[in-house]
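These notes open a run of structures that come right after.
Paired with chain B in one complex and with chain C in the other, chain A is shared by the two complexes that follow.
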Partner chain A sequence: MLTNKRLILAHFWLAFIVFAVALVLGAWQMFVRSPLNAWHINPELYYRSVTAHGSAMGYVFPTLIAMGFGYAITEASLEKPLVGRSWAWAGFLLVAAGAVVAMVPVSLGLASVLYTFYPPMIGNPFYYIGVVMVVVGSWIWVALMSINFVAWKRENPGKPVPLAMFANVAGSLLWGWTAVGAALEILFQILPVALGLRSSIDAGLARVFFSWTLHAIVYFWLMPTYIAYYTIFPRAIGGRLYSDAMARISFILFVVVAMPIGVHHLFADPQVGAGFKFMHSVFTGLVALPTLLTVFTICASAEIASRLRGGRGAFGWIKALPWSNPIMLATALSLVMLGFGGAGGLINMSYQLDTTVHNTQWITGHFHLIFGGAIVIMYFAIAYDLWPHLTGRALESFGLMRTQLWLWFIGMIVTTFPWHYVGVLGMPRRMAFYDYANPAISPEAFSVAMSAVGGLILLISGALFLLVLVRGQLGARGEADAYRFAVPLHMPVRIPAALNSFGLWLALMVGLTVVNYGFPIAQLIALNETSVPAVYVGVGR
Partner chain B sequence: MTTDTEHSLGEAVAQRIERRWATLSIVIVGLLVGMAAYIGIHQATMPQGRVETADPRTLHISGEFIESNLGSAVEADGSVTVRAIGQQYSFTPQCVVVPAETPITFRATSADVVHGFLIEGTNINTMLVPGYVSELPVRFKASGEHVMPCQEFCGIGHQGMWGKVKVVDKAAFLNMAAAKRRLTCVD
Partner chain C sequence: MTDQSLFSLRNPWFSAGVGITGAIVVLSAVAGLIWLPLMQPDLKLVGIWDAICSAAGVPRAAGPGASIKPDFKTSNVEMTSEMLTQADQVSIGRGATLAQRCAICHGPQGVSDANSPNLAGQFAAVTYKELNDFKAGARVNVVMSPFAAAMTDQDMKDVAAYYAYLPRVPSKSLDTALPAPAIVATGAPMRNIPPCGSCHGDIDNKAGSPWLGGQSEVYIKAQLQAFASGGRRNDISQQMRNIARQMTSDEIDQAARYYAAQP
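Coming up: the complex of A and B.
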């Protein structure tokens, strides 16, 4: 029962428009830094573009998807209208306004500091204010998700909260807490300097705060994808979810262990000691657990669907899956990319192996494969699945959808595999151009050119995606059925309170963050004379 | 009634398979973490143990990072210490000279924003954060030349920040060191 269709559609449309603009920038960046570009550009334009691409893709696009999808889940799974509809619109407007406020100084070249901020470089204050507005807008959504969750539980005592909503609330709580790290960095460290109230900043402490956000934000991006795996995919291919309880355990594990692991981004940093780096490395290993559980449950759910369709044999059932169904295709391609990206992630989590690839193109390849590949392809699937229910018009271009999904997959592989390779060769990331005539760099030239071709394929796929959505918006009217989520094979009648609420898990999430971050942060705050002069950046400075 | 029993039987089987997979997952993760711990404890590669500070405002006036102290120095125990600084958009020294087959300690910091360096063809890779000293032990197997790019975005000149490392024969290095206290490629 979707009553606030306009609200949800507004989130999705804005998300995909932002995505399209950032995609064009990304493809342009791939080209200008490759040997295919005959002459160098002004490097400042490149870093300006990287800042816009990163901020849009990292902060605005996935946040809007999570919010829009979250409202859809709330209404469809709880089967009642959203509580706090006007607050939801306020959050949306805040995110939209924040995106504009942040992007104006970036476009003018006043804040080319990249989306990771990198103090002591300091850009125009409006860039940071815009980012804060986006985050505060999303916090309204975080609050609304919990309010709706609690209200439903009060009306339905003893009943299990639908899995989709449980997972959705898990994602919102994860984001609410993980955003605190960057918020502390911006509000207490960067903004006072950007506004001219202070002139020095502790860059090491800022990096620790940012790492608190930087890793768990990836799991926030991942949440809609995992929700789609568990609650859309089995239904879309005509099957059942293998296990409801295991799904809940996976989402709970994300809430608890996604946060206290961010220092693995600081393995090569001098301001955190070896002990805490090891602690965070161990917890990074733990966060592989929910993904391993998910891969099992989703593959088992696919097998159930296939056997219901008459699939036979130990592996023969794979052939009997409904491959012409875009959701089936998207999920399979997503899992392949998750497999490669996850394997890369296990390499990154080890301090010893990370020294080979730290801050090389390997890392760029890794997170584009996971986020741009495994995660975003499921955002497409979510949109394809929801669109008829939101617009009241059927999506009929199945062939076009399949082409689009395949192109995205191929484009992502062609982009990221060469990136991983040149990373192992030691190619540094985030450079506007390279001297390919240098014999030390020339072996990397061909791979960089390949990546640029991948960027072009992704651009074509992105255009096809928008085409499908626009055609859906203009298609023939026809009332869609009520939006449903996958049903588990064994419907839980009663479930333990621990798998139906978040109190304990929130306490663990905050507690573990305090344990794993408390000492490094306290140590840096206590250290004297680590504040260094700010370096203001921007055109004309 | 029979279908009910079959149903609960099926559920029990499903749960058993699921538990097995969960156990296997835990074993896999445990094994990976154990490997990392083993390598770490045996000191094959470990992050630097403690946090050291250096004020970028006074680097050039006092302390170990004054200009005349930068470069490669032979220590009393025969090891070599390399002191270097990263700044927008170069390293000092821009070309580091080191001996092969010798224990070397890199000590480096930044004079302005966050930089980093990696030495291509090796596992040497570290961040330079202003206010803090990065220290890492390294050893080069063979003589040769390596590029040493800054690997962290440090401003609009970042793409031009490439240093160099020249690894020379140990005897040749000691010869050079006999004549001069601090060595760089240009000596």
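Coming up: the complex of A and C.
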């Protein structure tokens, strides 16, 4: 039962418009830094573009998807209108306004600090204020998800909360807590310097705060994808979810162990002790667990669907899956990219192996494969699945959808595999210019050119995606059924309180954060003379 | 099962959840903070508490003799981005009077053909730092050092403010059509040379980096050569020495010619 269709559509449309702009920038960046282009521009333009691309793709796009999808889940799974509709609109407007406030200084070249801020570089204060507005807007959503969750539980005592809603609230709570790190960094470290109240900054402490956000934010981006795996995919291919409890445990594990792991981004930083780096490394390894559980459950659910359709044999059932169904295709391609990306991630998280790839193009390849690939392709699937229910018009361009999904997959592989390779060769990331005539760099030239071609394929796929949605918006009106989520093989009737609430898991999440971050942060705050002069960018040119 | 009994040791979800999490924390802490550091002989640890402090990142005071004092004077100026960016009229006026003694080399309007730096429009922090370094002996020049020796801190600030106040005048060799050579536009990443413009204007300006447009070609070249040879070493953190040492003599010529032709 979707009553606030306008609200949900507004989130999705704004998300995809932001995505389209950032995608064009991304493809342009791939081209200008490749050997296909003789260097002719001011490198500042490149960093300006990277900042816009990263901020849009990292902060605005996935946040809007999570919010819009979250509202859809709330109404469809709880089968009642959203509580706090005007607050939801306020949150949306805050995110939209924040995106504009942040992007104006970036486009003027006043905040080319990249989306991860990189103190002691300091840009125009409005860039950071815009980012804070986006985060505060999303916190309204976080609060609304819990309010709706609690209200439903009060009205339905003893009943299990539908899985989609349970997972959705898990994602919102994870985001609510993990965004605190970046918020602390901006409010107490960066903004006072950007506003001119201080001229030096404790860059090490600021980076530790950012790492608090930086890794768990990926799991926040991942949540809609995993929710789609568990609650859309089995239904879309005509099967059932293999296990409801396993799904809940996976989401709970994300809530508990996704947080205390961010220091693996600081393996090369001197301000955190080696012992804490090791502890974060251990917990990073644990995050593989919910993903492995998920891959197992989703493959088992696919097998159920296939056997229902007459699939036979140990592997023969794979052939009997409904491959022409875009959701089937998207999920399979997503899992392939998740597999490669996850394997690369295991290298990044190990203290010793990381030293060979730290700050190389490998890292860029890794997060584009996971986020741009495995996660975003499921955002497409979510849009395809929800669109008819939101617009009241059928999406009929199935051939176009399949082409689009295949192109996205191919484009992402062609982009990121060469990146991984040149990273192993030692190509540094975050650089505008590479002198490919240099004998030490020339072996990387072909791979970089190849990845630029991948960028072009992604651009075409993105255009096709928007075309499908626009055609859907202009299509013939029809009656869509009520929006449903996948039904588990064994419908839960009564489940343990632990799998139906978050109190215990939130306590563990906060507890682990204190254990793994408490000492490093307290120590850096207590140490004197750890600040360095700020480097203001975009001034005095 | 109600929510009340969730936080109770009798609830298996609670005891298992907290127990397993706690066990992993303890195991990883023992391994990371005690066992692994003790396995490394290079750390020269004296017991468990030392291992914990070392692995937790508690800084240890360096012993005497750990740092090597340079056998030359280093700059004692601390640069910040906002340094001397707001000059008052009194300071500029005082500076104008004081600057009369500079005019013979630097020109009455801060521009001259004497192959000494053109100071008109130079950032105040830059002029101030160089005067300071001449006075302190971090930078040595037979002409400048005696001048600077007699100046007070306020004198230096005033002179710097006055020159910053003067408008930049295009040099005689102005040629904006001259294309930027590769060393200026892109640097040389493999030799750790950033583009000149990422500190000296055009792309960005970093604290303490002088404006180079319209400076004498001879002067720029001489300074780059001095940085490369170690004859000049008042660049904080050795940025310019590291860059100049890696530049070829052709690149030094190109960069000097390019900046001399800029406004």
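The rule we apply is simple: the second predicted complex is superposed on the first by the 537 of 541 C-alpha atoms of A that agree within 3 Å, B and C clash if a C-alpha of one lies under 4 Å from a C-alpha of the other, contacts with A are read in each partner's own complex, and residues count from 1 in each chain.
Criterion: contacts are C-beta pairs under 8 Å (C-beta built on N, C-alpha and C of every residue); 3 or more make two chains touch, one makes a residue touch a chain.
Because the structure is predicted, anything quoted here is derived from the model rather than measured.
**Q** So, A:Ile217: does it touch chain B (first), chain C (second), both, or neither?
**A** In the superposition, A:Ile217 touches no partner, neither chain B nor chain C.
**Q** Between chain B and chain C, which one contacts more residues of chain A in the superposed model?
**A** Counting contacted residues of chain A, the larger count belongs to B.
**Q** Examine A:Ala440 and indicate which partner it touches, taking first as chain B and second as chain C; both and neither are also allowed.
**A** After superposition on chain A, A:Ala440 lies in contact with both partners, chain B and chain C.
**Q** A:Tyr536 contacts which: chain B (first), chain C (second), both, neither?
**A** Only chain C; A:Tyr536 stays clear of chain B.
**Q** With the two structures laid over each other on chain A, which partner does A:Ala15 touch: chain B (first), chain C (second), both, or neither?
**A** After superposition on chain A, A:Ala15 lies in contact with neither partner.
**Q** For A:Leu293, using the defined touch cut-off, is the partner it touches chain B, chain C, both, or neither? Pick first, second, both or neither.
**A** After superposing on A, A:Leu293 lies in contact with chain B but is clear of chain C.
**Q** A:Val60 contacts which: chain B (first), chain C (second), both, neither?
**A** neither
**Q** So, A:Arg430: does it touch chain B (first), chain C (second), both, or neither?
**A** first
**Q** Have a look at where A:Leu390 lands relative to chain B and chain C in the superposition and call it first, second, both or neither.
**A** Neither partner.
**Q** Just to be sure I read the superposition right, which of the two partners does A:Met145 touch: chain B = first, chain C = second, or both, or neither?
**A** After superposition on chain A, A:Met145 lies in contact with neither partner.
**Q** After overlaying the two complexes on chain A, where does the chain B footprint on chain A coincide with the chain C footprint?
**A** In chain A, residues 43-44, 271-274, 277-278, 282, 286, 428, 431, 433-435, 438, 440-441, 523, 527, 533, 535, 537 are touched by chain B and also by chain C.
**Q** Within their complex, state which residues of chain A touch chain B.
**A** Residue positions touching the partner: 43-44, 47, 50, 112, 114, 116, 118, 120-121, 202-204, 207, 242-243, 246, 266-274, 277-278, 281-282, 285-286, 288-289, 292-293, 296-297, 300, 346, 349-352, 355-356, 358-360, 425-426, 428-435, 438, 440-441, 489-490, 523-524, 527, 529-533, 535, 537.
**Q** Considering the complex alone, what residue numbers of chain B touch chain A?
**A** Per the stated touch rule, the residues are 7, 10-11, 14-15, 17-18, 21-22, 25-26, 28-30, 32-33, 35-37, 39-40, 44-53, 55-57, 88, 109, 112-114, 116, 118-121, 123-135, 145-147, 149-159, 162.
**Q** Going by the contact rule set out above, which residues of chain C touch chain A in the complex?
**A** Within the complex, chain C touches chain A at residues 1-3, 5-7, 11, 13-14, 17-18, 21, 24-25, 27-29, 31-33, 36-37, 52, 54-59, 78-82, 123, 182, 185-190, 195, 197-198, 201-207.
**Q** Over in the complex, which chain A residues touch chain C? Could you list them?
**A** 39, 42-44, 196, 199-200, 256, 271-279, 282-283, 286, 428, 431, 433-435, 438, 440-441, 496-499, 501, 503-505, 507-508, 511-512, 515, 519-520, 523, 527, 533-541
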